[in-house]
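Once you scroll down, you'll see the structures, which are given as structure tokens.
The following pair of complexes shares a single chain, chain A, combined with chain B in the former and chain C in the latter.
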Partner chain A sequence: MELPFFYLFSVGIIGASILMVTRANVIHAALLLVLTFFFLSGVYVLAGAEFLAVVQILLYAGGIMVLYLFSIMLMSVDVAVRLRQFHRQTIFAMATAVLLALEIWMVLSRGTSYPAFKSFGWGIGATPGNVEALGSVLYTQFLFPFEVASVLLLAAMIGAIVLAKRTIDR
Partner chain B sequence: MPVVIPDIALSLAATEIGLVILICAVIVADMFTSMENKSLMGAFSFFGVVVLGFVALSGWGGGVRTTFSGFYVLDNLSVFVKVVILAATGFTILLSLQYAKIERFNHGEYYVMILFAVFGMLVMASGNDLVSFYLGLETMSISSYVLVSFIRHDPLSREAGLKYFLMGAFASGLLLYGIALVYGLTGTTSLLGIAKTLGGANGAAIGADPVMVLALILIVAGFGFKLAFVPFHMWLPDAYTGAPTSITAFMSVAVKMATVAALMRVFFIAFPSVAGKWNLLLWLLAVLSMVWGNFAAIAQTSLKRMLAYSSIAHAGYVLMGVVATSSFVDGKVVFLPLGVSAVLFYLLAYMVTNLGAFGMLILLCREDYRGDNIEDWRGVGRAHPWAGLAFLIFFLSLAGLPPTAGFVGKLFLFGAAIQNEYYWLAVIGILSSAVSAYYYFRVVMVMYMETRAESQPVVEFSKAPSLLAVLVILVVATLFLGIFPGGFIEAARGSIAGFI
Partner chain C sequence: MIAEIIAATLKIVLVLGVVSLVVAYLTYLERKIIGHIQMRLGPMRVGWHGLLQPIADGLKLFLKEDIIPSRADKIVFVIAPIMVLVPAFVVYSVLPFGPNFYITQVNVGLFLVLAVSSLGVFGIVMAGWASNSKYSLLGALRGAAQMLSYEIFLGFALIGPLMLAGSLNLQNIVQAQSDVWFVFYQPLAFIVFFIAALAETNRVPFDLPEAETELVAGFHTEYSGMKFAFFFLAEYANIMAVSTVGIAVFFGGWKGIPGIPLPGLVWYLLKLGAIIFVFIWIRATLPRYRYDQLMRIGWKFMFPLVIANIFLTGLVKLLFL
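Let's turn to the complex of A and B:
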């Protein structure tokens, strides 16, 4: 039952990505990127990483993409569409792609011999589920980083307001 | 699935918890304070920091204690670092009280962001795991980005903030990538766990893995950016010059103290078995920083920028102490405590000296006149002998001449390097230190030998009692550390207990 869905999502990811880099209209490209993220989160679900799937949609499709769209809308898109687009980065992009492919091959060829793969034994279909297991370590073993992260976010929030507020001199 | 709540000794983290309570109290109190009375928030933060300093001090001598599932450690090293950081924070707040009004950024959030940065530093000082260390570093960095660009109406300050933010975010990325690779190789982020894996059965194979070398390079580069070692220093002169002077002073002492402490903890505890690799990288960074920092400082006309370059060189001296801690016998590393204690004492000496030097810049600052160029100090030494004397003492200490704190600090650093047979490092350090005397004494010469031009405004010092009190304390401390360093050297030695 899983296999057809896996192919569906994979074809979706590849197709949407290719369409994304070939569109002239940036808005279309951004929306296709959202589509890619949705398909990717489907793959995560199949791999038993429900939490990652939800985070993928919330953070990437939700948060980061909205930011992208906002900044795109600040530019004049209709003018950009009519311009011939060039960036002279083809060679650089190909080199990066080859490097990334090498990296993936390197990791896959070693399989699970990396110690990090062994330290948490959550496989597909494991009980408790991915989300529950994550929650239980987050609030027990990883309590300290969790609390520090909350202070970090508060600092970032106040800092952003201080810098971006139109006037602080009431 | 039953969830077992681990046993957490909250009292060990009393300083951090108290600091978060203080931050929240300042944020809330700030809402009920009128625009004219924002200095009250500074005074409030100052008293809170003083109390927290004593809370931190009470942790001294209790041995190595960990809590929060090993993410947090309290030992003498972390206590020493925390007390010095809190002292630097107290001085910075006092330096800022009048200055914030002059530069028109006297908002409650200024003190809140300082306290947030301090929280990050305290977490770094106690970080016993790459995750908690990294989160502390980020809290500190994000607060610093905001503080650097806090003079919002000044384009220089905004530019400094943006540059610092972009380079800092890039550095965090490098560091995080290095941490991720280490996690991939060892399966843990705990410093002790990494050391155990690298020292275990497969340790030699993991240590020789090219990915490990890449991870170490990335981590060293991340630290290099954060501490502005040459060649990762490009952001520092602009950020330090554009930032409010009080924040420049704060960053040059407190941020460096916390990051160096974290650097020592990460490398000495987690990576002793690959010490040969990272020690070589750090050696190179130390030499480049000492040489380039000092030579670039010569060409500066802005005193603030000159002190910024000199802080690069001083970071190089500190790194020399870190490098000189490792001694290699038959390819096996032995850590000698002299290097670490020299680093800690030097950071303490540099704290009082550099805060004082930037405090002198604040002393000259007025609404219409920043006074941070070397020219602005023409003839000040003769017209105002006390101010001239104070600045002279700080410059003596920065140049490493007796009878000041900087002299004792450098003596220990070079002593550590020579004792552990890093002769080249010591020679380069001493030579570059001689170069530094040239540009420090150029300012002294301008102060005493030159007369003030007609076009220059009359020198009028700030009369804020808090600022004057801090400067007197810092002058006395600089001399005291130089003449009676005994107790502080003992403290620096004692802070290694249980560390290496």
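Let's turn to the complex of A and C:
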């Protein structure tokens, strides 16, 4: 039952991503990126990570992408479409792509025996909805990284406000 | 397996049908109530006391010419109304209408409602941008900023009751209110939730994205016919959905007052009617906020309030429960 859905979502992710990078119109590209996030959250649901799936939609699609669109909307897309679409960086881009593919292959070929994956003990889909499990792990075992991340975000937020305020006052 | 799928499909069709019909009649109710508040009669011509008015309106919108502006981005222009309507209806998949009457229960139910309803803003932004008109673009910009900020207060206001219920599953939240409704434990959270709900559904006094006196009709200025009807339906579907969430989280969902034996669905509908009446009442009573006032009360008043509410709830729970 899950396999056809997995293929559906995967084809969706790949198709929408390819369409996204080939669009000349930035707004279309941004909307296709939202579509990609949707399919991705579908894959998360299939993996039993309901919480992650919802966060994916709530934060990436509902939050960050709206901000993206918000700023893109204010530029003149007609002019942007007529600008040069390719920047003659083919060789550099290809090298990066090959490197990235190698890295992904290295990680995936070793499967769960890869050292970085070992500490994450709880199996995929162990409990159908894992909000409670996630919460207790996050606030006990991973409390320190969690707090570090929060402080980092707080610092970024204050920094953004300071930068924005300085230009207003001037 | 197949029987399950058929049963689920039937439930979805039933809920969708009922919701669409109720939403159509909400427009009638709104015109009627506002009419009486302003010492008018409201719609009277079609049917007894205008009861068939929504159907006549629907037919009219259905038969109207569908205009797409020549300078519009056609694909986005067509998708936008769908992007508004679909999230508005998808939300109903996890809402509890009665003890045994719901489409499905998800462990992250309430969270899913927030996530899906936050997607409606895409339709508004897409509509505003694709129309290629300054009124639409201004309306969409306001809509995006307003919904993005008030979504935060809406979500944060729900955290207090969630801490008391200890679950994100909407049925469990309703069950947790067997003794006392959470509105008595969390009055602050409810006030913030209600204000944020008004802003999220673009209702007066926060209807800035479609402020008709300054922006013609805001983000849906260029829309006509069925596409316009989609925006209209989505607005009322959103009102009903957000009211249902409020009822489930603050007013004990389908649970009634002990001693009065009525089915859960009836209790739910009574509460829904009361909350929607307040929505309409506010529309007939209050003037529109200015944009900077909207942002100020949001970030400088409501935001600290919800944070304080979460902190206090946590403190009380730690010390006394």
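Keep this in mind: the second predicted complex is superposed on the first by the 131 of 170 C-alpha atoms of A that agree within 3 Å, B and C clash if a C-alpha of one lies under 4 Å from a C-alpha of the other, contacts with A are read in each partner's own complex, and residues count from 1 in each chain.
Rule of thumb we're sticking to: a residue touches a chain if its C-beta (ideal position, glycine included) is under 8 Å from a C-beta of that chain, and two chains touch if they have at least 3 such contacts.
For clarity, every value in this text was computed on a predicted model and none was experimentally measured.
When both complexes are overlaid on chain A, the residue A:Q141 reaches chain B alone and has no touch with chain C.
Shared-chain residue A:A29: touches no atom of chain B or chain C. Look at A:G63: by the touch rule set out above, it reaches chain C but stays clear of chain B. By the touch criterion defined above, A:F51 lies against chain C but remains apart from chain B after alignment on the C-alpha atoms of chain A.
Of the two partner chains placed by the overlay, only chain B lies in contact with A:G159; chain C stays clear of it. Once the two complexes are laid over each other on the shared chain, residue contacts for A:V151 go to chain B alone; chain C is not touched. Residue overlap on chain A between its contacts with chain B in one complex and with chain C in the other: 128.
Interface residues of chain A, counted against chain B in their complex, comprise 114-119, 128, 132-133, 136, 139-145, 148-149, 151-152, 154-156, 158-159, 162-163, 168-170. Residues 25, 27-28, 31, 34, 50-51, 54-55, 57-58, 61-63, 65-67, 69-70, 73-74, 128-131 of chain A are the ones that touch chain C when the two sit in their complex. Touching chain A in their complex are the following residues of chain B: 1, 3-6, 8, 20, 23, 27, 35, 68-69, 71-72, 107, 109, 112-113, 116, 119-120, 123, 129, 131-132, 135-136, 138-139, 142-143, 145-146, 149-150, 152, 161, 183-188, 197, 206.
Within the complex formed with chain A, the chain C residues making contact are 73, 75-76, 106-108, 111-112, 114-116, 118-119, 121-122, 125-126, 128-129, 137, 140-141, 144-145, 147-148, 151, 168-169.
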